[in-house]
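Labels for the chains are A, B, C, D and E, by order of writing; each one numbers its residues from 1.
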Amino acid sequence: MKATHKETVAPAPVAAILDNYRSDNPGTRANLYRILMSGRLGGTGKLVILPVDQGFEHGPGRSFAVNPAGYDPEYHAQLALDAGCNAYAAPYGFIQHVAHEYAGRLPLILKLNSHDSLVSEKDPIPAQTASVKDALRLGCVGIGFTIYPGSSEWRSMYEQLRGLAEEAREAGLAVIVWSYPRGTALSKEGETAIDVAAYAAQIAAQMGAHIIKVKLPSAHLEKAEAKKVYESKNVPIASAADRVRHVVQSAFDGKRIVIFSGGSKQADDVVFEEVRAIRDGGGFGSIIGRNSFQRPHDEAVKFLHTIMDIYAGKID
Amino acid sequence: MKATHKETVAPAPVAAILDNYRSDNPGTRANLYRILMSGRLGGTGKLVILPVDQGFEHGPGRSFAVNPAGYDPEYHAQLALDAGCNAYAAPYGFIQHVAHEYAGRLPLILKLNSHDSLVSEKDPIPAQTASVKDALRLGCVGIGFTIYPGSSEWRSMYEQLRGLAEEAREAGLAVIVWSYPRGTALSKEGETAIDVAAYAAQIAAQMGAHIIKVKLPSAHLEKAEAKKVYESKNVPIASAADRVRHVVQSAFDGKRIVIFSGGSKQADDVVFEEVRAIRDGGGFGSIIGRNSFQRPHDEAVKFLHTIMDIYAGKID
Amino acid sequence: MKATHKETVAPAPVAAILDNYRSDNPGTRANLYRILMSGRLGGTGKLVILPVDQGFEHGPGRSFAVNPAGYDPEYHAQLALDAGCNAYAAPYGFIQHVAHEYAGRLPLILKLNSHDSLVSEKDPIPAQTASVKDALRLGCVGIGFTIYPGSSEWRSMYEQLRGLAEEAREAGLAVIVWSYPRGTALSKEGETAIDVAAYAAQIAAQMGAHIIKVKLPSAHLEKAEAKKVYESKNVPIASAADRVRHVVQSAFDGKRIVIFSGGSKQADDVVFEEVRAIRDGGGFGSIIGRNSFQRPHDEAVKFLHTIMDIYAGKID
Amino acid sequence: MKATHKETVAPAPVAAILDNYRSDNPGTRANLYRILMSGRLGGTGKLVILPVDQGFEHGPGRSFAVNPAGYDPEYHAQLALDAGCNAYAAPYGFIQHVAHEYAGRLPLILKLNSHDSLVSEKDPIPAQTASVKDALRLGCVGIGFTIYPGSSEWRSMYEQLRGLAEEAREAGLAVIVWSYPRGTALSKEGETAIDVAAYAAQIAAQMGAHIIKVKLPSAHLEKAEAKKVYESKNVPIASAADRVRHVVQSAFDGKRIVIFSGGSKQADDVVFEEVRAIRDGGGFGSIIGRNSFQRPHDEAVKFLHTIMDIYAGKID
Amino acid sequence: MKATHKETVAPAPVAAILDNYRSDNPGTRANLYRILMSGRLGGTGKLVILPVDQGFEHGPGRSFAVNPAGYDPEYHAQLALDAGCNAYAAPYGFIQHVAHEYAGRLPLILKLNSHDSLVSEKDPIPAQTASVKDALRLGCVGIGFTIYPGSSEWRSMYEQLRGLAEEAREAGLAVIVWSYPRGTALSKEGETAIDVAAYAAQIAAQMGAHIIKVKLPSAHLEKAEAKKVYESKNVPIASAADRVRHVVQSAFDGKRIVIFSGGSKQADDVVFEEVRAIRDGGGFGSIIGRNSFQRPHDEAVKFLHTIMDIYAGKID
């Protein structure tokens, strides 16, 4: 069979994903394409992204003392390249430092807001620390933005996201939303409850996120009204793969890219198990920071390759 | 008798309604015309609109688990088309996803603000989640905006609406206002009291709404000063039709389109009874979400057709 | 004696008033001229204005049930024309509905802010509900704006007024300020105290109001520091006419147009007595809402004509 | 000796002062020149300014009942001309009313913010009541702005001043700052303490004020850290002249024009004694409101002439 | 060996530093070059900057009475020139006064925000007192901005910095950030804790600062999560030089210029000892205010020369 024109444009899994973004303009679609076609998973429709915002979020010593090479912003961009990640996400300073050499070679995602941990807030809201104009000047493929659904400051975050997302879309950038439930409206357990995680994914999708990052949820059900429906309708949430499936379903029935975050450093087996659940539940991939850059370089590359191979179906 | 030029422009009921919008510019009148001429009720001067903002307002599982087809944004736009609704209203993500195919075929209303239910506020105010520019880019006929008269945050909402409505009017869009009394200034019963509902309609009309959505009110009278007048003047509020009539009167003596919302899922008979009251009281139609999309597709179409037939006078 | 050119431009009382606005631009002077030359009192230097903002401020039933013709926005504009009022003032919805036919025939004043009575605030501040651009598009002669001196929110109101008044002046519109003392800084009696009313007029004049609307004050003295001066200097405040004279004096020694509001519906004799006091104290006229539109049409016309005749000196 | 070109441009004392403003643009220098060359003290390097903001700040009756001619805004502009003041400062309404005739003949300073005394605040902040654009349109030489260092609202005032001062400088206007310490951070005595007054002058100078108005300070030392230094370094603050000298020193070592306010109406001898202290301490002049306009016209002129003669060295 | 073209462009230490700013535009790089090439340390890659913001921050008497020459803004600019400092930093008034003569001859840094000490706040935030436009008009090489990480007002400061830094970069100015941990989230000891100082440097770097000013930290560890890592990883923090090294490492592994402040006036030996620690730990220099301008001129020059000689390796 002869290849059609369409087939030459993008591998089938990527074309299928892009088809869900057909109301977006060519600029944004081009940047989604760049992310989906980069790195070792390029063309598979799966993604592994390296995010390094812990210097800002947790402090430099706490983040990098374990592997001091990480104090240097170039280390991370090079690690992302070496491991074949689809993209690299970080705050302004880290991205700005490496953009001169890495923009173009590596899809860069500029995180536009950050929260340090000197002040701890029960109802947190990050500060905007970079702009869409910055992302354009630095050759990025997209912007990153964190919202904390459940915080009493939800409105300010959503409205800030709305404005920046509109500006980003007009400039042909992709919008990546970190949707992390948090705040006094939620119990500690509720922050990762399945109903809440699904809700967080839905909100990000409704706000116009092209890629949604959530935490791998637990089987806990937080909100009474939701619990009633989940139980009466027997929504399957017993296994991690079930829960991934429900979150993906909650992001427009799988029509938005949903990736899952790795959390703090864990044993390899635990991580690989989670990756299999994401794969089995129809998730689009992982975004893995501390589990990557807090290891020695070569170990990190090997670790990320294993994850990518699970997604690619090369290993089980 | 030969048809006059005017008669060829719009059916009489539509022409009569548009005559009440003669201070509006041709762009806005064109979009009101599109809404009034679309679907099964097109040309009758009556409307049934499908709104689907529950994914954002109540969460995805709670809204769509009962009819999982609804996780997919395309389901709702197609349902609105299949049932012959006059328009379809939803938040940014849902509208953006379907605009590529549905804009033009189906009048789209972009809801510009939303409130999730992770945080519950006694004096609520939604977040702005989309813009007038979005509505234009996505080929919508109008914008939707929710205000909560009675909330201590009333001023912020009214001023946000004012700015967006001005921008929408200048762009030739229609302005649809969800006017839902709520907040610590009102008792629970007061949220649907007839004096409060009439007041909510008046406020929306004074703010420049072209179409006003309120809840079907009860016979309760909430505010002492109003109660005194309603009782001394014997304002008829005993039947549901009486109350619809009073709300319509309160929206510039019937010179603004007032439609009534369906609320949570109810038995068919109850809904049909309400529709008859709306019709008999001179209401312009219904806006029905959960009662539609939480049923299986074909049942929903049949259910909506029955409602439309009551409005059209085809059945009683 | 031959008429001079100046005499042909404007009747003497109007020319004398306009002479106090000589730092204003021709556009604003033209609109003040239109107000002063319209209706039955045109050319006399006296004014009676019909304001209908009660639908928004008090609710539709409470305002219009007594004379249901008033639910219809056209009723009021026509009443203002029929009675020969100098101008008609109302919020956006009411003005927008009638502007298509009445702009030009009847001087329209667009009220730019409003406060509903669903929420009651001890230190009130209205919401901005229309813009200067709206006033221009709708063919209005001026904007109306309410401030509540004495409210802890005074600063926000004054600053909002400042911006809108500047914009209005640049566009050649007249600025009409409703200056109603209210808030926790004042006793209930203090809201209409003569020192407070005079202060409210001064503030409006200093903020750049062309026409100032205050309530008819009582002989009460509210503020200790003021009381000391009023008493030691024997400022005459015993009669209603005395108090009108002092308020007018406090508005730049009579160089700003000050009109007085009618308050809730009262017996005709009481109103006429007040009008005589305004006339005798050198006030410029009345602004009468509920006492007009809450009567049957013809009775209202007759009632307003009597008031105008008192101002015109046709009857005593 | 032949006059040099420079000597013909400005009298030596004025040239010396202008030399301290050499980083300013020609427009601002021209307006400082106008102020310094106007009136009876023109060319001496000393100033007496008439400010009339009490109608807004204290109310009309309390301010003008003692000399009712003052209700009329023209009275004050004419008084400033008759007495030969260097400039006249007032809020929008008063300036706007007289600008038509007085702009050009009399340097006008538009006060851009005001605070009424209906509401009393422990940590006060005025409302902005006029704009730089107003000052330009009305032919003013400068803007006036009040800050209350020590108020918890300090930041808002400083930032508002910053923006307006920048706009004024760009338009070639002079910036006159009323720097009045006030607020819960200060004791009552501390509001006029010498360390606080000197600090207030420094802040105004650092913010870019061209002319600084402070109150004549007492010998009290308010802040512990400052007290320690004043006492250990024996900063001379015993006499009024000493304190004036220290305040002037604190305004860039005498390189900014500092003038002192008169306060409430006082016996002539007290005022003249203060003026001598200002002169002896190297102050640049006075700004005298109530002590001027609360006297009969001719008495006020004579009173102001005596003050000017003390500054000019004509009498002791 | 023949000099290459590159070597003629900048001395090696300066070229090496500029290489870390290669994502910056030529305008910003030019201004960093000017700072690094000015004064006695020009070309060495080390800096000593004279900052004088104490008139605003602590008051004039408290700051200048000990050396009254300092009341005059010209004194400081001349002192910076006489001592051969790399740059001079001050608030608007001080910079504006000297810019006419000193801009060009001396790199000027305009501090854009300041906090007076009349009001004391537990969670402080300065007021913006100058603009990027001011910095350009006055011929400055960069802007200065203070943030207080740890203050509950952190978000407002970071967002204000973000906007101003973006504007400054676009205009080719350098961004110098004073990063001073302070606020209720920190113990008194924690304000200078090593983990907190390192975090403060990281935040400034991530926000885009080109030069970062921090206080010399103590060996205290403030935050429990950080303490755990510092201790388990044996991060060396015992000596002052160790701590400087860790702070420099925390500013992108030495790829951002970090300088250390002097604090209140101290004995010479103590200061010189600190300077040696900064040098030995790889710090880029000092920013020394009170220890300079509170001494007599010639003594200050000699004192600063000694510090510079330590940095230049001329003395130990």
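Observations, loosely collected:
Everything that follows uses one rule, which is that a residue touches a chain if its C-beta (ideal position, glycine included) is under 8 Å from a C-beta of that chain, and two chains touch if they have at least 3 such contacts.
Here the structure is a predicted model, which means the values were calculated and not measured.
Between subunit A and subunit D, the least number of touching-chain steps is 2. In this structure subunit D contacts its sequence twin subunit E using mostly different residue numbers, the overlap staying below half. Between subunit C and subunit E, the centres computed from C-alpha atoms are 59 Å apart.
Per-chain CA centroids place subunit A at a distance of 37 Å from subunit B.
The set of subunit A residues that touch two or more partner chains is empty.
Each chain touches its neighbours in a single ring, whose members, counted from subunit A through subunit B onward, are A, B, C, D, E.
Within the complex, the subunit A residues that touch subunit B are 20, 22-23, 149-152, 154-155, 158-159, 162, 166, 181, 183, 185-186, 195-196, 198-199, 201-203, 205-208, 223, 225-226, 229-230, 233, 235, 246, 249-250, 252-253, 255.
Against subunit C, the residues of subunit D that register as touching in their complex are 55-56, 58-62, 65-66, 68, 71-73, 91-94, 96-100, 114, 116-120, 125-131, 133-134, 138.
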